[in-house]
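All chains are identified by letter, namely A, B, C and D, in their written order; residue positions are counted from 1 within each chain.
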Amino acid sequence: MIQREALGVAVIGTGRMGTDHVRRINDVVSGARVTAVVDIDAGRAKEVADGVSGCTPYTDPTAAMAASDVGAVLIASPGPAHEEALLAAIDRNLPVLCEKPLTPDAASALRVVRAEEKRGHRLVQVGFMRRYDTEYRELKALLDSGRLGRPLMLHNRHRNPGAPPYFTNAHLINDSVVHEMDVTRWLLGQEITAVTVMRPARSGNAPDGLDVPQLVLFETDGGALVDVEINVTPGFGYQVQAEAVCEHGTAGVGDARGMLVNTAGRWGGAILPGFVERFEEAFDREVQDWVDATRRGEVTGPSCWDGYAAAAVCEAGVLAQAGERRVEVELADRPELYR
Amino acid sequence: MIQREALGVAVIGTGRMGTDHVRRINDVVSGARVTAVVDIDAGRAKEVADGVSGCTPYTDPTAAMAASDVGAVLIASPGPAHEEALLAAIDRNLPVLCEKPLTPDAASALRVVRAEEKRGHRLVQVGFMRRYDTEYRELKALLDSGRLGRPLMLHNRHRNPGAPPYFTNAHLINDSVVHEMDVTRWLLGQEITAVTVMRPARSGNAPDGLDVPQLVLFETDGGALVDVEINVTPGFGYQVQAEAVCEHGTAGVGDARGMLVNTAGRWGGAILPGFVERFEEAFDREVQDWVDATRRGEVTGPSCWDGYAAAAVCEAGVLAQAGERRVEVELADRPELYR
Amino acid sequence: MIQREALGVAVIGTGRMGTDHVRRINDVVSGARVTAVVDIDAGRAKEVADGVSGCTPYTDPTAAMAASDVGAVLIASPGPAHEEALLAAIDRNLPVLCEKPLTPDAASALRVVRAEEKRGHRLVQVGFMRRYDTEYRELKALLDSGRLGRPLMLHNRHRNPGAPPYFTNAHLINDSVVHEMDVTRWLLGQEITAVTVMRPARSGNAPDGLDVPQLVLFETDGGALVDVEINVTPGFGYQVQAEAVCEHGTAGVGDARGMLVNTAGRWGGAILPGFVERFEEAFDREVQDWVDATRRGEVTGPSCWDGYAAAAVCEAGVLAQAGERRVEVELADRPELYR
Amino acid sequence: MIQREALGVAVIGTGRMGTDHVRRINDVVSGARVTAVVDIDAGRAKEVADGVSGCTPYTDPTAAMAASDVGAVLIASPGPAHEEALLAAIDRNLPVLCEKPLTPDAASALRVVRAEEKRGHRLVQVGFMRRYDTEYRELKALLDSGRLGRPLMLHNRHRNPGAPPYFTNAHLINDSVVHEMDVTRWLLGQEITAVTVMRPARSGNAPDGLDVPQLVLFETDGGALVDVEINVTPGFGYQVQAEAVCEHGTAGVGDARGMLVNTAGRWGGAILPGFVERFEEAFDREVQDWVDATRRGEVTGPSCWDGYAAAAVCEAGVLAQAGERRVEVELADRPELYR
């Protein structure tokens, strides 16, 4: 049975995602509350903690993890800080929800895998929230049912209305296409074995420093071929679509449209402005599921292995993108813990 | 077998519809040519005839019908002139395609029915072109198949981007809703027994003299209930939709959309500008079918009875509209010829 | 600022809706917990309470309301029991979320209005959950913006895959169409002044005792005309659609479709099976908003007046349905508290 | 002005396409009639000619072209017979509508280009009928308008319900993907410079001898990147879709859907069964436009150069497919006549 007390969560990192998770845990999900916030900026940590009853600010993640009212950790700090926090939490046997990426590269991700493997049981869930999206789950259920036969292709579109000023081509792979990497692995239950990146002429509308659009192709160990249009178009809106091409038919998600307006010779509606609106319920469900599982003493959701595999595919993707060629993915053997 | 020679057609009336039919017969459909055009304005008749090789202008319909190169008649003159032309054609045993309305009122329409009945065989096809629209035909085929069970309701929307300056509320019934009357009778194979008209507040955007939108309700002798939104909204575009509610499900047409554009935070496309664009292929098919049937010596398509029944329902509709109440439709007995 | 403690809620009634709300409050929404459940069946109350930590079973609503750990009441008992529970809660100054209907008839609903009016501030929120549906809220926002001009018509479809065995024609009005009554009043900000019910032939597929489909028409004091197809078709699925026809265009909701599957010569997808799936997030949002408002010391959401007006329109609707005619709605003067 | 007499057409080849064109010219389009049919099988030629008034059967194309009642030639014989018939028609200065392919390979196609170039004016139109499809024309108009900026990507799906028994992987390129080659060149106004073919695991549902699905990628001299899913799935239906990704947005065609049926828990409709149904109007329009232009003494539509370029891209495509790699396209210099 579920533990009586609300789960006390330490949120590490108080940027956009971290702050949003603080709000989510306190105001949206059931059974948890934020008892600690951590930021290297002490003023920032205090500011956020002051807005939450019963919440203590910290600058050191390990100090927060040692607090008696902390039963689990949500990591939303910048990627380079993840490894240390993850290893500390694993060391203390604390359940973790870690925003993607697990860590910034495959080598460090593998170290986290090894640490968890050594611990002997899963503690870490990685924040690939598309797995909690209703439509993607429908698609997964259909593919798993086998009703359409084997999936052979997966067409994806990933379109953004903008990108942060620091965004580079490598960020397109590591921050954006990484979602399609995880979706591919999860939907198909297959590992990605090679990545190819092709680029058309650069859009005159592209933000500085970004060569968009690009076409990213994955091959999998199950023989599937996956294409991803990754795009950033100022003012466009946010569109994420996937269509699986199977032996007996196809199934697509991401075309759901809300209110239809007919006026002035046009039919149509609004494209969602961003990933927050598109995946808000997925984020809520992700955190609620994590809280529920944690209170039951379980770990479900995407694993460290999923985080590691994504990192390895990202590395291949960045190489493929830089050289505009096909790069094979090298993965360690999959530990028993993740089978 | 089909007669070798192209069918020589006399087109009576050279307004918008007449001129368009001249073009259609000469440039679009196969197996016919316009050999005569008739207009009470001799200059206008000559002008149109001059543009067509082998075409003679007339001011008198009966003179045109007497010409040796005229084998069939297409009536596109104003409604009040239809009866005389129809009776003359029936008298000469000439096949006729008569633009709607058959005649402007039920009494005159019934006289045409009687004349054709006396002739003993069908000669006249009435221009209810929706029966030739691909989607409406799909819907008809589905209803006829019985796969959804009996149709119980029919929801219709009939939206226009504008109306001619002379348009009155009565025109809404006689020129616009008359299409839904025919669609109802044809799709369901039932006669309309009562009409009710209800009006919300008048749109501040309504053209002068029109109280739009209005809701028109039909009851049928088969127990079906039909609602029609009739509307005129400047700048809106042209939308015609129908949804049949049957015992086991529903089926709708008119929502087909063409090119989908995603840009500037909106998805959508263009609403067709008018009935010409929406029903262009239906007009082409209607005339081609009429030409083909005529060359085979047959008469198919909507009959004088259909024209008469529409006129009778229109009369009830105008009364219902004026009094905002329910008015029953009175029909003569259906002659054997139309069963 | 929000009170620190979770809101203790007494849930009255442990049928389908009551049990679902117990689950929702405990497992889904934030900031509340079920501290009391009430059922006249003591065994049933104990059974439900045993599944919830810190929850006490009661057979008497007033006893539960007197408990120190109860700060608010959720009424999900059968409609005839509502009035007594509502008056008791108002007497104790306890905030209430009352599942629809407020009470089974207009006279009793008006007594609740008077009691709350006497109390001098709002305590009661009525469970019209469509107001919390994302798409209906989008439509409301668009109408309120005035961008499409005044709403003149509202077309509604309300289709169900089944009905409980006890369902009668009156239930169609009181349990089903009541949602469109509230939607009409809320979306348009207008009161319903008359109801007309029309019926086509009865579906051979209709459940025993139900004459479906029916067409229900509302007129409003703002001059809008509203039509509702209410239908029950075994095996059909659940569809709720609304389209507002405004001066400059139309806007529709309820056509959102999820995964699109192409296979075996067909494109398409699944119709949701029932109202739980269609409005699950609306229910969650409704209860979360109620908990949040209550903890802030506020009452938002549909009021007792909304519940009373719906009851008055229902009474007119049932009369109209029985007589197949137009019946005017009589409302008391709207108290200052609800303006 | 258009010539008075109907255009006399010799149809060469009386297979599926040839017979369908005989029907089209006689029964559908205006201003032309079939005066000669040619088939190496004399019995077959006679059989078809017997069904058409005033039509003479031939076994020798040049004999038919020499007949006084033949004013134009429609070539619908197997591809290997095209070159000889084309050169004969060009020699006689006869206008030609040649079903795709122009000829089976680039070298022979270039010979036809040279012959026409020598003649000094265009005589030949190649049967790329998608250019006459309403939706593709809308897309072309939008791209030409520049409203969405430059096109950077073009996503295509080309799905078939079956293939003839003799179909090989090379046919997928030469008979199916050749349409996307022409669409790419026409929509973008760019030449294809390289082709890559990638294959996922073969569908267990694939017809014998076909490795489907495949992903074909084009690069263009304007910097666009084009992907084509080519697929054959027994029982699937026929789907052809294209989405242009431009600097300011995207535009897609081929998703138009007809009648929507809601029943038994499913919404949806029928996928068209084949290319005839999907492109019937495009075929009609293609032939009507050719007849009209020919009667005006003009040649419009896809040129010999378009036929040659498609052949050259096909050759690269087949090589790319066989080797699963990228192959560059080599084109002759474009003659002045086709600029």
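Note that a residue touches a chain if its C-beta (ideal position, glycine included) is under 8 Å from a C-beta of that chain, and two chains touch if they have at least 3 such contacts.
This is a predicted model, so every value here is computed, not measured.
S.K.: If you tally the C-beta contacts, which comes out ahead, C-D or B-D?
M.R.: Of the two interfaces, C-D and B-D, more C-beta pairs touch across B-D.
S.K.: Of the pairs A-D, B-C or B-D, which one shares over half of its contact pairs with A-C?
M.R.: Of the listed pairs A-D, B-C or B-D, the one copying the A-C interface is B-D.
S.K.: Of all chains present, which has the mean Cα position farthest from that of chain A?
M.R.: B
S.K.: Please compute the C-alpha centroid of chain B, do the same for chain C, then give the distance between them in whole Å.
M.R.: Chain centroid spacing, chain B to chain C, equals 45 Å.
S.K.: Centroid from C-alpha atoms only, then distance chain C to chain D, rounded to Å. What do you get?
M.R.: Taking the average C-alpha coordinate of chain C and of chain D, the gap between them is 58 Å.
S.K.: Could you put a whole-Å number on the gap between the CA centroids of chain B and chain D?
M.R.: 37
S.K.: Would you pick out the residues of chain C that each touch at least 2 other chains?
M.R.: Touching at least two other chains: 159, 235-236, 248-250, 257, 262-264.
S.K.: Of all residues in chain B, which touch chain D in the complex?
M.R.: Within the complex, chain B contacts chain D at residues 2, 4, 26-31, 53-54, 134-135, 138-139, 142, 148, 248-253, 255-264, 281, 288, 292.
S.K.: Flag every residue of chain C that touches chain D in the complex, lowest number first.
M.R.: Chain C residues touching chain D: 159, 161, 235-237, 239, 257, 262-271, 273.
S.K.: Write out the stretch or stretches of chain A touching chain D in their complex.
M.R.: The touching residues are 149-150, 152-153, 155, 157, 159, 198-201, 203-205, 213, 215, 217, 219, 222-225, 227, 229, 231, 233, 235-236, 245, 247-250.
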